[in-house]
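So, here's a batch of structures to check.
Shared between the two complexes below is subunit A, which has subunit B as its partner in the first and subunit C in the second.
Let's look at the complex of A and B:
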């Protein structure tokens, strides 16, 4: 059996005495979207940070295309094909929009096709072309979020990790972002989507894992009708 | 437009430097010395900016590279006839060495670069406060090695008889070279990557930028420029002790960078010219100057007090520094910085 693109096994993260993630395991294959939902502090972001090498897991394994990447630096993991869109609007604010995009090209393993990919992200998010010469810090929150996603895509990732991409965005912007992500998925990229809002994830992801106190407690299929009591139970125990 | 603006970012400050030097040549000999020393100080501050401004990591250790450069250039160019008798414990190779002015400046840059690279390998893994303290430790270590290891330095004595070659030409050209390299680095892909890590370390790493590597490149370049500026400094003074390249110079140059605006080369230059110029002016006033019919003679201590008050006022009213950390804007059509 061929191994899935991103495989997380028995992953545990501790901050000192506090356990943030406990023995979490799941997989995401190319062209697949997997959601990760849960309340604040459930361990979703810590899971992403452990996958990308920002924090070092206490135990467990993360494999990309069958190769263990635990202990690699964040930069190396980025170059290996895992792009992280962190929570918040992580643009380089005193750089122009265009310069932000160009910095995204640094993470590419293969420089060929850079111009095609630039054209593609400009099509996905026309605003990054329209405001190319403006400082990224002057964009609205939604535009910054689109810029960060565009920048992440320019590293030509095999796996795209998104941490709360819809947080604080207007509904129309959320729609633009998710229709762009749909096209990303069609290109065969594996997407791991962390959300607090379960209905956003469930509507988009092939399956959605619910996290509580650092553990996966439930898995929901795409389009699962969310029952309030059931979710309250899953989120808060 | 952007290309013209980019040229202006270097040309504008360069014109200012040339103007300051040109005016300086018309003054009395003591003032001339002050102006040359302002230019050399500016070279030190711009070299400090290359690392601190682009990386956002504070360094209290840069004067180590100035010191290493100053003593390398000074010892290598001081006359070989007097060194063995003045410094009996000095390695014969160094005591008998005597190289020319330009060679000594290049040696200063090389020694500064090698030393910065070497200490930078472990240092660049640190950030924030721990980086600041560790660079400060480097300053203390360097000072004590130069001061006490008489095989390679003058020890507690004064290193004298260094050829005083830093006249207006050498001070001006030296500063312009440092500025051109600093600006070229800042515009380069390495400079941009490092500035990205300053703005958002997580996003930079997630974009595949190797923070440690980019910082080490800047630290080494900055060390080379600081060493070179140290060479200019020793050739300006003609004689030097280890105390002259230690704590005072460290805090003064950092203050200049912060007052001018830490994020731009223009800020580094303006801070240096402003504070060093003001300092030189007050030095002269303390000595007593005849203004028209009256003699103005300020009590000693006025200089440091005034400098302190002015720096305080600048930082309270303009926390981003005099330039706000921006490059010089095009004087005709105003535009946001690039």
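Let's look at the complex of A and C:
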């Protein structure tokens, strides 16, 4: 049987006495979009940080293409094909937009096709071409979000992890971002999408796991009509 | 006229201090470590020139540069285990390395000092418009200016430079983008070493008496400049170094001899206080707490 592209098994994360993630398991296959939703503090970001090696999981396994990547350095995991767009955007604000993109390109394992990808992200997010020479810190929140997604894509990830990309953005901007993400999906890039707002994820992802107090408590299929009581139960117990 | 004369010398020394400041700032940028032993890089380079006295000029230059760069790489290796300890501990540790090296030099070579006899002919002066300008001042300005420009170019225009700046600005995000942070740290120490090596060559002509505190005397005022300018921003750090170098020469041409002696002591106390109270520099208080590698 072919291995799932990204496989998380029995993952647990602790911060001292605080247990943030408990025995979480799920998979993301090639070309798939998987959602991960839950209330603030549910452990979504910690899951992504454990996958990318930013925090060391206390237990469990993370496999990329069948190979365990637990214990690898963050930079090695990035080069192996997992790109994280972290919560809060993290543009290099004193660098130009172009320099931010160049950093994405430098993260590629394989330089071939860089020009094509550059042309593609400029088409996806024209603003990164229009404001190439400006400082990234001068962009609006939505434009910065587009820049970090473009930058992540330039590293040609096999799996793109997005941590609350809609956070703090106007509805019209969220729409722009997600229509671009739709094209990313069409390109065959697997996506793990973390959102606090369940309806955003459920509308977009092939399936969405609901997380509560560090555990997965429910899985919703794409387009599942969200019932308020059901969601309140799933989010808050 | 005396002030104009001092001005020329002040610009020259300021340029050298800017290079020292840039080296310190470069290392601090990527690992949040103030390397007090940066001055001993200069000292080591100066002793290398001393030991190669009488040998052909290119040999002396290459050996001196190689010694400084190698020592800087060695320091990187020595500081590696310090990644997880508190900033105050790191500060003390780099102090310790600095004093250890100074005392080793003291034991081996004594306090007396010896004349390095390196490019002494550059100390002859020419006269323009009533100003006596030594050739080494001109050479120092040119070499220093070119080195600053070259370093700036590497940081701005090359991939390695971009990665170095990225690691300095946000090490976590840099890692997430696959920047090989360990390699970047080594590179920062190598570049800092090269800058220190170049400064040594110019300084050894200007101050040919080599003693165990040859570099320390330069490092302290340059560090004041870095701290004042802002530790993790290279241009302000270099400007800060320049300003302090400039001010030192101007002040000592104004101050009477007795007060000059205290200049370094005052600067030294100042820098320790600032580093202990505001380890990230004077002007970076409002920014995010930065993480060390």
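We take it that the second predicted complex is superposed on the first by the 237 of 237 C-alpha atoms of A that agree within 3 Å, B and C clash if a C-alpha of one lies under 4 Å from a C-alpha of the other, contacts with A are read in each partner's own complex, and residues count from 1 in each chain.
Everything below uses one rule, namely that contacts are C-beta pairs under 8 Å (C-beta built on N, C-alpha and C of every residue); 3 or more make two chains touch, one makes a residue touch a chain.
Predicted model, so just to flag it, every value in this text is computed and none were measured.
**Student:** Overlay done on subunit A, so just call it for subunit B and subunit C: clash or fit.
**Tutor:** clash
**Student:** Which partner does A:135 contact after superposing on A: first (subunit B), second (subunit C), both, neither?
**Tutor:** first
**Student:** On the A-aligned overlay, A:12 touches which partner chain: subunit B = first, subunit C = second, or both, or neither?
**Tutor:** A:12 sits against neither subunit B nor subunit C.
**Student:** May I ask you to decide whether A:83 touches subunit B, subunit C, both, or neither, giving the answer as first, second, both or neither?
**Tutor:** both
**Student:** Which holds for A:208: it touches subunit B only (first), subunit C only (second), both, or neither?
**Tutor:** Neither partner.
**Student:** Hey, what residues of subunit A end up touching subunit B and subunit C alike?
**Tutor:** Overlap of subunit B and subunit C footprints on subunit A: residues 52, 54, 73-75, 78-79, 83-84, 86, 90, 92, 94-95, 99, 103-104, 106-108, 151, 155.
**Student:** Hey, which residues of subunit B end up touching subunit A in the complex?
**Tutor:** 192-193, 195-196, 199-200, 202-211, 336-338
**Student:** Which positions of subunit A touch subunit B when the two form their complex?
**Tutor:** 52, 54, 73-75, 78-79, 83-86, 90-96, 99, 103-104, 106-108, 135, 148, 151-152, 155
**Student:** Quick one: in the complex, what on subunit A touches subunit C?
**Tutor:** Within the complex, subunit A touches subunit C at residues 52, 54, 73-75, 78-79, 83-84, 86, 90, 92, 94-95, 99, 102-104, 106-108, 151, 155.
**Student:** Flag every residue of subunit C that touches subunit A in the complex, lowest number first.
**Tutor:** Touching subunit A from subunit C are residues 159, 162-163, 165-166, 169-170, 172-181.
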